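First chain A sits with chain B, and in the next complex the same chain sits with chain C.
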Partner chain A sequence: MLKYVLRRFVYMVITLWVIITATFFLMKLLPGNPFGEAAAKMPPENLAILKAQYGLDKPEWQQYLKYLGNVVKGDLGVSYQFPTRTVVEVIKQSFPASLELGIESLALSVIVGLTLGIIAALRHNKWQDYSSMFIALIGISIPSFVVAPLLSLYVGNKWGILPPGLWEGPENRILPAIALAFGTIAILARMMRASMLEVASLDYIKTAKSKGLATGKIVVSHMLRNAILPIVTILGPIAVNVITGTLVVESVFVIPGLGYQFVSSITTLDYTMITGLTIFYAAILIVVMFLTDIVYGLVDPRIRMSGRR
Partner chain B sequence: MDMISKDQFQPAEKTTNANSIVRPSLTYWQDAWRRLRSNKMAMTGLIVLVIMTLLAIFAPLFSKFDYETQYLMDTDLKPSWTHFFGTDDFGRDLWTRVWWGTRISLFIGLVAATLDLVIGVLYGGISAYFGGKVDNVMQRVIEIIYSIPLLLLAIILIVFMGPGIKSIIIAYAITGWVGTARLVRGQILLLKEQEFVLAARTLGAKPSRIILQHLIPNVIGLIVVQITFIVPLAIFFESFLSFIGVGIRPPMASLGNLINDGAHYMRYQPHRIIYPTIVFSMILLSFNILGDGLRDALDPKMRK
Partner chain C sequence: MGKPILEVNNLRVSFKMYAGEVQAVRGVSFTLDKGEVLAIVGESGCGKSVTAQTIMRLIPSPPSYIKEGSSILFDGKHEISKMSESQMQNIRGNEMGMIFQDPMTSLNPTMTVGAQISEGILKHQKKSKSEAMKRASELLTLVGMSNADERLHQYPHELSGGMRQRVMIALSLACNPKLLIADEPTTALDVTIQAQIIDLLRDIQEKTETSIILITHDLGVVAEMAHKVIVMYAGKVVERGTLEDIFYNPRHPYTWGLLRSVPRLDSDKNAELDSIPGTPPDLYAPPVGCAFAARCPYAMKVCKEIDPEHFHVNDGHSAACWLNHPEAPEVEMPVGIGRGAHG
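This part shows the complex of A and B:
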């Protein structure tokens, strides 16, 4: 097990390194001069001082090592558009809203998604199954950037049931959380249904049935426990779904979160902000994937074994 | 007891010949098509897709307007017989723009899926066929690429390469093939142990011939199913990028930037978001149900 964890950890570090390196070289590829138009009018001595101050007079590999060191220390640089703000400050300021939204939508999608999946499996090939799977299909086909504006337009504006945007009281949380949960519900429901159906055909369920155990008891204590295990494997894709979702949902509902920040830094071409936030998001996702692997290795010994091969 | 006399018997006449009882044998594809045809959901998906594709090709050709000319007298019109989907804030005809956008989206979907498949199938095929050290190294590379969040990588690639169709396709091709490669590898690992591969090898076929002529044709069914899942993914990818502003730039239309535009104006002109949204969702929904149907039709394991 320790060997397996170590191996996963090494992969995680390599992946992070690949991403940081990629962002460094992409920054180097940018045309123009880091000091903007003012540099053209500056006397060369001043320019040299400026370059020395930012370490740009050193060879590229030294700059690269310095950049790598800074990122490891948690220094992601200063905003390109607003030089008074550092990237880390922005993250500290706007990440809590995103995190809250993410957790709320995750809770919603776990409850709804698993319920749909369980109902579909228990009523296999009946109308409950078909309607649950149709809902799931719609959830997969209609992405958040379609759901979010429509919810905001109809529920928020036309019918006036809930506020169409902003981030103030609890009533502002509902619509964004639903919009963000839509796709995740679909993934979870499909996975849970398949997993439940697989478990239902196993021998120990037959045994439980034949010894006269009540259906409710079989479902809760025999089927659910085993059926829920494979769900752990899709934690990674779900995290991706939620994070990409927040980019869209926060922009549509004008929520002061990190996703909103990211999209606006793309529109203003704030390069340092874009790379900084990308590294931050990538780190979150990679850590989630790492944890997923570990948890799955813990619950299912077969994965550990094949991982060693 | 009565004797049974000979004249009670008569020779049975040969009324049918064996060939007429046996139905003509079906090829794999005929069989799959027969099964797909009986699946109403999947056929609906297929028909919707065909209609959408035809509209995407022909609607802009036969429209009186083109996608970029601005008619500043006709801004923000509601849908009517001249402008089926209304016009936008520059007086551009939305009917033309929506179908033009569909064309771009489908084009990107198809090209990206093709690249994805070519790279994925070859990578997976080579990795599985050679096995051993080659497989080991190639799988480690995949594991690293697999854990890089693709959409983020694509966003920074496009931000730095500059937006446009070419950047989107390149970004997708760099990042998208890993899933296909894994799928194909798994399938070929099973196939390569079978006798026909051994026979080909004994007869002296080169690895490239065995992979291309013997192994890949046997995973075609799987690949066809995979296409119906990759194309909508690529379309989603384009639209998502256009929505957050790094994809296709106006005046060029794409479903993503039409939806994004529509979202800004939706409060006063709901038609601007409704139509692109309907078209976009129908395309994705159709691809998904067609894909589910194809998987049932092509996968021999599902046969009863």
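This part shows the complex of A and C:
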């Protein structure tokens, strides 16, 4: 197992390096420059000074090496848009809210999604199945930019049950978490249903039945563990998506999260911010995938073994 | 041989599908005595597996259902066809065990061998976990696995196909069932392993005196261990008899065909293996007369019009074929069948 973890770790570092390199050079291919319209009106000497200050006058491979060195030291550079703030500071400030919201909504979607999926599979082609899948259909077809404002407007404003926005007490977490979980619930419910139905048709379920086990026992000890495997696989990327923040839900509920920062950095062509946040996003994704692989190994003994060899 | 452990009477099983009703089993009757091995033989789709799985009520209903008038009397007191699911759960694994065809897929990949064997023991017997594990270890030794205590903690993917089938056998024997149903237990295995598994089953049968229903299309396996044989075709029993009756004095052209399609040591090595031409009938709409008539080289006019009843040949031997009617023309049994056909 240790060897497996070590090897995965090396792959992780290589993947991250590829992503840093690709993002860095792709950024350079973007048209325009980070100093915006002001650059056009600026005397060339001033622009040259500015470029020198940010190291943009040097050849690109030198900029790349310097940047790589800084990243290794944990320095993602200074924002072009807010020259007083470093990218790391921005992340430190905005990420906690996104992370918390993400974890809450993830927990909600896993619990609700899997339950719906399991019910649907066990009551296949009965009304419970149809209603679960109807809920899932709604979840998939209604985007969060519709759900979030509706929740904020009705539950928040008109009925006044929960606060319509802001990021203060625990009661502020509920509506955004629901809005964010909506789509994920649908995906998880559908996947879990399909996976359960597949497992139910396998031979070893018949074996379990031939031992005289009750249906509930068969579901718990034979079906769930095998059915959850494909869910573990997709849960990684889903988790990353959810915890790194989403522009829509964060702006509707006025949450100071990372999603907003990412979008604004792109519109202002804030090189360091875009690269920095991309690397951060990628790093989280890779770490979560790594954790997913370990969980996978715990759930499925076949994978644990192939890693050992 | 003692009193019957299982009496199946006029068993009819159908599947309700969108396209209509598939009559998979159309009136099967047989009895199985204590300590006896009964082989059910027939080609794919003849209803042998459905019959076997219906005895344990393993086929989900819907779409399958047992038709009115069918009876499966187990151990002289349990009417299987009328039992509720929870009553069945007390019988399955406890008084009946089942061995499935493909050991690669019939064990749960995420559970250890020990856990899978002890599960049934824990369900049916008042035993602690460690007692159940001890019993599981004994069972693994019984089915010829070395280092049984280590094996308990292994997962199915760490075992070969033959080993897994041994585990399956151990699992089915966990609670000393009175009836063991082996549904093509050797079909998915290598030839050398097949022989080992059959030897093992025969050994266990002799030691434990369990009654066994052996579902197979391999006549070699039948010859190895069956006492009685029923030959099924298109959901019906076409011939029944002792092992000797079926191999030395078969009375149904379908049985002849089956016997002729087995390779023989003394046959011409360049000759092509015989096969029965044609395909089995569509069970959505079974034919009016004998179901085999369309493929039968001896078919007469009556065969296509009236489905033959079983004709008595001798005690326990009967065949559902008009050729056995007193007024039927004499037909020579094809060469190579009869005396010396097996062995």
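Heads up, the rule we're going with is that the second predicted complex is superposed on the first by the 213 of 309 C-alpha atoms of A that agree within 3 Å, B and C clash if a C-alpha of one lies under 4 Å from a C-alpha of the other, contacts with A are read in each partner's own complex, and residues count from 1 in each chain.
FYI, a residue touches a chain if its C-beta (ideal position, glycine included) is under 8 Å from a C-beta of that chain, and two chains touch if they have at least 3 such contacts.
Since this is a predicted model, take the numbers as computed values, not measurements.
When the two complexes are overlaid on their common chain A, residue A:Y64 makes contact with neither chain B nor chain C.
After overlaying the two complexes on the shared chain, residue contacts for A:A214 are found with chain C alone; chain B is out of touch. Using the contact criterion defined above for the overlaid structures, shared-chain residue A:Y271 touches chain B, although it does not reach chain C.
Of the two partner chains placed by the overlay, only chain C lies in contact with A:L202; chain B stays clear of it. Residue contacts after overlaying the shared chain place A:L153 against chain B, while chain C stays out of touching range.
The larger set of touched chain A residues comes from B, when the choice is between chain B and chain C. Of the two partner chains, chain C is the only one touched by A:H222; chain B is not. Look at A:V248: by the touch rule set out above, it reaches chain B but stays clear of chain C. Shared interface residues of chain A, touching chain B in one complex and chain C in the other, do not exist. The touching residues of chain B, counted against chain A in their complex, run 143-144, 147-149, 151-153, 155-157, 159-160, 232, 236, 239-240, 243-246, 256, 259-260, 262-263, 266-267, 270, 273, 277, 280-281, 284-285, 287-289, 292. Chain contact summary for the complex, chain A toward chain C: residues 202-204, 206-215, 217, 221-222, 225-226, 299-302, 305. Every residue of chain C that touches chain A in the complex is listed here, in rising order: 56, 58, 85-86, 88-94, 97-98, 100, 102, 105-111, 116, 119-120, 123-124, 155, 157-158, 168, 171-172, 174. Residue ranges of chain A in contact with chain B, taken from their complex: 11-12, 14-15, 18-19, 22-23, 26-27, 29-30, 137-138, 140-143, 145-146, 148-150, 152-153, 157, 240, 243-244, 247-248, 251-252, 263, 266-267, 269, 271, 274-275, 278, 281-282, 285-286, 289.
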